[in-house]
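Have a look at the structure below, then the notes.
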């Protein structure tokens, strides 16, 4: 049986990441047919040709709609700016293609709803690029929680921080425009929500306080322009089972580069994790003598599948791109069998619902429930 | 000139800590007269006698009011349960004694106000036991902030966690009674507030979500009794200058023993700190080549006074009790000269105002401003 | 121009690692032609066929010599047990193939010398699989040393530890046989030596004390068999410029999974590194105010090439397999231009010379100089 | 019963440390009579008077021999430069005083032997200031080892590093003179040896390579003077039971301030410790599921006596000076009952024997056995 025919729209940060994943997934896992890298779209033909050559795609185009018409293309990776996701994903689904779309779905909740509707109508699989849930240590965290290793979780905290907006003197960019979204809230907020969704109950209500460290930034012509969205967010959450927690986000946290720090507090233990040390997990349980208790640093290894398919020795480490390869594998499984550890458009819409609720909560200064 | 005559009420956890501080402060600092340990009060004479012998006090009593009448006693350490602070502190001040009272002032805000009024009326010094602000690394943090080392602070996060209420099966105790206070909110919340007060602007408004991981606990007679206060708190804050932040507290965080994790985010850098590693400070600044930037772990040393008066070599470490000795020194300075790095009753009342606002915010589900 | 035609012998731990690297190198780097995965050899045809399918090779064979005759094969990856390296590498070179051979060269120094002679005679490139030197953080360490960031290095320490031989009750295996080599000395020792060779002067003399934590192990038939080589090594080194240091190795260090802890002490600073946290580097320099000095934790990022070609954002992390892709890229550069950051057979022989000197030092109980 | 009458010679770094310990030990432990601080000696009367006032001693003198004649003095703390220890300790013992002498005993082994002989002849207790063995976490480490928590220890590593000699441009001082001793070897080497002596078997043989990072230093008059001893040491050890290990020492390790990093490898686990984080211990045992194994960070707490007598809550931290108070307590116990966890002159001489063997090994370039 031939491998999936792949189309790719966009070859930036995540585009290349998708290409690498499509390229390596079969060799790593050995249980799926090698995807065929068929058609790549970029903003113009020249760039597309160049990238297709580099990334190993057979055909290239400056018009992404060409992929819809390509009979060899069965699944399309969409890695363009968020505002373009809806149009492309809906078109792809309507053309009968499976879709692997980067997160978040869309700055517009209505568009995100339309994306889900299109997925349902198409009968195709539509999956979002929430790669952090694929980290074997994040999966192990979920497994520990579900197995009761830390008892009943009663509260949690998540922080996600980087520093690409930390420089007050960096020029105004599209990232600070309202039309790109709420800023750090959707940019980052979706990640903690996606991770939590794999181990805890759904979000019931949110309360958010959003911040603009720098009220204005200088534009290219030297004038100041008001920043239209948020670089900092402090959010409280209540889950449907009464668990409470907080998510804190910053794109302006100097020195933080890829921090996703998670703490889960349970009746029998605590789990702590930080994506900047993505091959480690901290686990405290109350077992054993008090004098010998402590947080143990678990190093990723073959006992945390699918780490074993990358390296047979523990402690040697996976990298960020490996997570995308795992995601590609789960996507293929989903397409082939309907079973896969993924955030599909239905689950993704719930994440975005929470994001929009955060923005509303901030505006209204009150708790916002996700549904009545 | 003779050293201060000291009275001590209570010889438990903090009582012993005060006694050790009074006993060692002169030898450590060398610039104050040796305090004279005069009179110690406990619940009964027998215990008082025993403790006075052990802790080196001259006289002992089963009636704390005896200290008020003792002409040799000039300053009284109050280390009894919070609910007793007001009566004792007010009586001591009225008797013309200086007061060194453990935090918080009182479960009752009205009582705390009366304490402040008594302090003002007395002309004596009234200081609270906020020892964490005395840690040389916390002081260095404040110095860095004030000197602009991380630019303008725009947001912050503080966590304070221990696990003494983490065991769901631990019996119901006074700690879960409403009359002891709001639980973790006043038990722990005052510490982050005290630390922040030494480096940032005052709190303008708070929003709190308080949690009870265990709704009831078993009493001595085997029946379940409802827990009346909170073991978990998630709090958002806005300061008067617009800085926003969050404080998160838990007495039910398995494995955390003395965590006070502080993160300050500024326009030029970030500071991170954790009291469990109280001899370290993490500092990130954007200076130097990007390839060589990173959080630096600063080890406490003689360049962080008054560490130098304890040990002349860096990296050898201070301990929790040393902080109280520093506090005793600042108290003596305050009594002698009016100058000292302390939280007096006036500042302390502001901290308690914020605590009560948190409780009110939780009840009302809305932001509560500290003053109109 | 077509990409290199690749042959692969062996598909175990490192064989798969090579296959993944050959498969991904072009997409990651974009500046080399895509290697063509031509011919794969395993112990039998059936396994070879299966692996060729999984790993994307065109042809498969149960006889590795078939690769020598395959005109499409230009470079051969040799990933078989160490004792087979010499025969295969020499044959490959004589057949006009470039060679990418896993480390170490051979348990026999004479064989290693023959391998180098064959490489020289062939005019082909012969490169060893020392992947840790490719870690962007290890490269950055070398750059810092060479640029004088820590002044003149005067001493160093390296530890390399795993725990696969830590279980006293694990059965006797080939790893404990003398014919497999000296045990941890060649198994691990070559890695620190390879890393040090990229930043410090050559080794002048060694003194070694080698240990057998367990004198015998139980064989399959239940009898005890003497362990013939070493699981623990403590080695002192002097470099040609007088720098002194130590390398300590253990295959019996419970809990260590991939530790390669390096400390370099210089006249102006210190560097510390641990492969278990391969995306971090610790740097101390004496610049700035003493009160603010400390080891800074540098997170891997785009400023540490070629990290930038994997992920454009810092702190997201590379993994073990990524190092092999970098190595493949350096190998291709070496083949194409003669320039590449690799350990070739000439450099590799020097590493093995030091290993054999360690064994001799232990036997003789004296310093052994590497050359007269 | 009155507390011990104390004399103190020297009030520098360790002198103040002794004074603080004598002053606080009774209040902390509550089970010993309060020592009476009787007589303090310094180089001149003026300084002695000043220090006696600050440190709370009753009498002061510029002539240390006055303490010998003081009938109230029962025990004498000797905290002067190493070269003076022998004369003072012997005189004190001959005068019938107990002795608490800072480490090491003496730069001269013959003098150290005379010190032991004097102690034996006197019938008094003679104890050395090896405070690190008093750290509750070091004690817990010893307890874990002895209880078999990590099985049979088969190898170990210790590093001790500071940076007070790291600056190449720092002027020549007495520390670099041969008459002060071997440099880092005795300055630091005695500490690892003292710690190891509390948990492992005695040293059988040593092999040492000693280093001078800077061959000469500039004197006050601007000329270069040859450095006469060593700032760096790499030492291999074999214990009487066949355990092997290494000790590495540096006074020239930029950024290290109080590092004493210990690793003990056993047949069932590993312990790791660093004095710079003196309130933590790392323990790995092979118990539990492999997927959940890891080094656990044990925080010091009341389960690690005598921590409980300092603070009743875990994770709050002891400091360097607290270790001396524990040592004072053990000394008092030793004086009162003959039982105490101390390094007396007999054990101390064995430590010094190993130090001199290291120096000889370096000179001779061979293993040196401690006894025939």
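First chain written, first letter: the chains are A, B, C and D, and each begins at residue 1.
The rule is short, and it goes like this: a residue touches a chain if its C-beta (ideal position, glycine included) is under 8 Å from a C-beta of that chain, and two chains touch if they have at least 3 such contacts.
Keep in mind the model is a prediction, meaning the values are calculated, not measured.
Chemist: Show me the overlap between the contact partners of chain B and those of chain C.
Modeler: Chains in contact with chain B as well as chain C: A, D.
Chemist: By mean C-alpha coordinates, which chain is most distant from chain B?
Modeler: Chain C.
Chemist: Distance between chain A and chain D based on Cα centroids, please, to the nearest Å.
Modeler: That gives a centre separation of 53 Å.
Chemist: Let me have the rounded angstrom distance from the C-alpha centre of chain A over to the C-alpha centre of chain B, please.
Modeler: Between these chains, centre-to-centre, one finds 41 Å.
Chemist: With chain centres defined as C-alpha means, what is the inter-centre distance between chain B and chain D in Å?
Modeler: Whole-Å distance between the two chain centres: 34.
Chemist: Which chain D residues reach two or more other chains?
Modeler: In chain D, the residues touching two or more other chains are 256, 293-295, 299, 301.
Chemist: Which residues of chain A touch chain C in the complex?
Modeler: Counting only chain A, the residues touching chain C are 13, 16-17, 19-20, 23-24, 26-28, 30, 34, 54-56, 162, 164, 256-259, 276-279, 299, 301, 310-322.
Chemist: Flag every residue of chain A that touches chain B in the complex, lowest number first.
Modeler: 150-151, 154-155, 157, 159, 166-168, 207, 209, 211, 213-214, 232, 234, 236, 238, 244-246, 248, 250, 252-256, 263, 265-270, 284-286, 293-295, 365-367
Chemist: Which residues of chain B touch chain C in the complex?
Modeler: Result: residues 140, 144, 149, 281, 283, 288-299, 301, 303-304 of chain B touch chain C.
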